[in-house]
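Shared chain: chain A. Partners: chain B in the first complex, chain C in the second.
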Partner chain A sequence: MEFVRSAGEKAVITLKGKLDYATAGNLMDELRTLEGTGIKRIDFECADLEYISSAGIRAMVYSKQKISRNAPVDVYVHQACKMVQDVFTATGLKDYFTFVE
Partner chain B sequence: MIQRKEFYATFEAIAEMMDFVDGMTKDLPEKAIYDLRLASEEIVVNIVNYAYPTGDGRLAIAWNHDPESGTVIAEFEDSGVPFNPLGYPAPTLGVPIENRNIGGLGIMMVRKRMHDVRYRRAAGTNVLTIEYRS
Partner chain C sequence: MLRVDSYPTHEYEGMKLRPGHVLPFGATIVEGGVNFSISSSNATSCSLALFRRHEPEPYVVIPFNDGFRIGDVFAMIVYDLDYEDTEYGYIFDGPNDFTAGHWFDPTKILIDPYTKIISGRGVWGEGSQEDGELRPLRSRILQNDFDWQGDAPLETPFEDLVIYEMHVRGQTAHPSSGVKYPGTFAAVREKIPYLKDLGINAVELLPIYEFDEFENWRYSPDGSTKLMNYWGYSTVGFFAPKAGFAATGHLGMQADEFKTLVRDLHGNGLEVLLDVVFNHTAEGNENGPYISFRGIDNKTYYMLTPDGWYYNFSGTGNTLNCNNPVVRNMILDCLRYWASEYHIDGFRFDLASILGRDQTGAPMDSPPLLENLAFDPVLGKCKLIAEAWDAGGMYQVGTFPSWGRWCEWNGKYRDDVRRFLRGDPGMTWVTAQGMQGSPHIYDPRYRGNCASVNFITAHDGFTMMDLFTYNEKQNLANGEDNRDGSNDNYSWDCRVPGATEEETNALRRKMVKNALTILLTSLGVPMLLAGDEFGNSQRGNNNTYCQDNDISWLNWEDLERNRDIFEYAQKLIALRKSRRCLRSPSSDHGDTKNGYPPVSYHGVEPWKADMNGKMLGMMFCGDDDFVYVGMNMHWEGNDFGLPDLPGGFYWSMYVASDEAVTDKGDGAVYVTPRSTMIMTATKDPRP
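After this line comes the complex of A and B, so read on.
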């Protein structure tokens, strides 16, 4: 799990390995720092993300629910493998994020 | 052959539980490994979070893989408060996310990915059984 963040109106967060019960909290902490910063777009780089569970999905949903409370934020998910995308589909949340190959 | 292991039902012990699950699934196809890890994580996290509100408890996993049929039957047992996760209402997927309660997402994923999920309460124990055919 690794987070790389760039400042300004756009944040890029690289997710590696497993986003699960153990690591979702770290992502949540990271995302909390973006609240109220005027961020307009978040890009999750997921090429090396092997696994996501509902705890991981919840953390990503948080980025929409909380950060976009005052101003809308667009969330992009890049290069997620099929098994990871399937988890989003199963939760009915796939259309909520913009998936980019 | 059934392999059974007992754990403390604590957050710290979840890694050990997941190692046990990964060990049980290591020779299965990639999709089966993913699905069984996902279901197991959702179940054990739920037990750790809710089964023992007043103190310490145990959680046992009994894993039965029949290589002939490719069927995995795993049982998750706890002696905490009686709780049937299958009685939890499924989240409403059509509702906009802002208005949605995302609790219940985990057990919904267990039900979607496993071929069968059963609950029983027996002798003071919650037993949640998942069945998966790869």
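After this line comes the complex of A and C, so read on.
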């Protein structure tokens, strides 16, 4: 996994490989650094994300719900593979984020 | 908040541990680790086996030493577990003495009775390992959080429910269902618009607790297909949703997926009732496998004869010892869990009479388990529905202990209405009773007006179309030489001498509409079997417990083929929802303000019912609210005189099962042979 953060109100986070219990903690640590920074949008670049688990999904839900105290952050998920998209669809979260091909 | 008890105090083979919390039972994620807690009244030792996912052998087996046990409960916190990659089981030791009822075997790795998810059957029908063996069923750890987005159980008044009995897989497994993930919770979500369009407001799901679809599997007689444990009335884990019913089951996300379904059903006004099976487990008889209870505390969990054999009041080999205090608490914990963590609105209890037997199998006057469930605060608004009989001969329809809380699947209603529909003589009185909520068996003073869950068909038996297509069950595909399944179907194949095939099929469709008419205008709570609203057939198989194929799966092409039946059902449900007098009032109001009784019987002449005939009129009245249901089950047509209405009201025809039914306009309606019709009264707008 690799995090690339840009300044201002938008952060870009690149996810690679597996986002599961073993790596979701790292993502959560990274997301917590964004709390209180005035961030309004997060872009997850997922072209190389092969697998997402329950813990991974929870980290992404956290990014939308908890990073901003004022309003939910807009979260965009870019180029997610079918497996990742299926998980979001089957668990009813596909509409919770903005998916971008 | 910093806790002083959140750090390890012990170590075993590199695993960091400390004595755990005895409650809650099960595996619970706590700060830094996972708390494991399990009880056994008769074990001498317990160990926790931890596996990495799909690995055949545990990477560590941790004994609970004496400091990790309080009373009969073994509890331990294990730190730094990757809970997503962990499977676990328990190993118990103790006496192995058949006559004494003890089956302890330290070579067995057992599922936690309180496990929240189970691995091994993550994809329906795909349980094989590389060597062809089935994957072992193992407990997993659930992060039990969910974003409910403000959802809560709906608490729809019971009298307002129209229940739809559904098999999660069968609803969408057929290719014609047109869903993205056939046979899954996610797919049922895709069908919510359809369910809303039909008008039902509650789904009752056949078992969704984890079960093993491979239990007793075999090939069909012609060798063409596998016969599976399709219905799932054989629980492996009472707290775990079936992974194979989830598109995400292979990822261990079945709980999330099912909760999402519940939330979205609620969001569309549909309650969720679960068909729960507490009368037995999947461990079978004395020759069955060790899965969980047998190896943890056989004598506690099962009803045993004095010499150690299993009582078999369930017909499946064993009987859960429901009125043992430990088992009673587990059942209560389980239902509380589903009501609180999954927002479930109610439960239908399979073979519920077993829940009223004591530990020797004798029926109890005031069974503590049933009383506990009736008065439990967490379940306080949940619907409690009993299948009020068991396989040991107890039949309690009408007499199930209720405390004003329990209602019943009304098997008598089913049989009486079936017989009336096919034209048996002498069935009008019992049908009239059934259509007013069966006060002849449920005294409204004690049972209210909603004790009866009315059904004509259910998963167990013919579908409505088959009820009028077959005289006898057609169960050879089950591989039991047609011995299985009920022989008392009160069905009729609708073959009339001289009728063409087209005429026969038309009569069948009309008979389905007749059945829908009676079901959806009866007081009490109607339950519709999924697919009956569009004439689903199971080819005459009345016991499809093992048919995971197009015998059982709904064929959605029938929706278009039988569109008229669907629209008829839709119209009846809409009528029921719009007319208060068709829904059981919560109390007996006496006559309406116009002086009419709330329910009255009629014959071909108003107010003159023939209780030995084949024709019946039922009038339901509220204040300024009148519905008349005319039913002619005779082979000849007849005029039905309508009761007079108060001034300012007039009758009009709402629906009829036969287009030839004619409102003659002179207070009479010509009802064609074997037809039903509904008249509603409307206030004359003229001054």
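Everything that follows uses one rule, which is that the second predicted complex is superposed on the first by the 98 of 101 C-alpha atoms of A that agree within 3 Å, B and C clash if a C-alpha of one lies under 4 Å from a C-alpha of the other, contacts with A are read in each partner's own complex, and residues count from 1 in each chain.
Everything below uses one rule, namely that a contact is a pair of C-beta atoms (placed from the backbone, for glycine too) under 8 Å apart; a residue touches a chain by one contact, two chains touch by 3 or more.
Computed from a predicted model, the values in this text were never measured in an experiment.
Of the two partner chains placed by the overlay, chain B and chain C both lie in contact with A:G92. Once chain A of one complex is fitted onto chain A of the other, the partner contacts of A:R58 extend to both chain B and chain C.
In the superposed model, A:D20 lies in contact with both chain B and chain C.
Overlap of the chain B and chain C contact sets on chain A: residues 20-22, 53-55, 57-58, 61, 65, 87, 90-93.
Within the complex formed with chain A, the chain C residues making contact are 82-85, 143, 145, 147, 180-181, 184-186, 189, 246-248, 251-253, 256-257, 260-261, 263-264.
If you check the complex, the residues on chain A that touch chain B are 20-22, 51, 53-55, 57-58, 61, 64-65, 83, 87, 90-93, 96.
Partner chain C is touched in their complex by these residues of chain A: 20-22, 53-55, 57-58, 61, 65, 86-87, 89-93.
Those residues of chain B whose C-beta lies close enough to touch chain A in the complex are 14-15, 30-31, 34, 37-38, 41-42, 45, 91, 93-94, 97-98, 102, 105-106, 108-109, 112-113.
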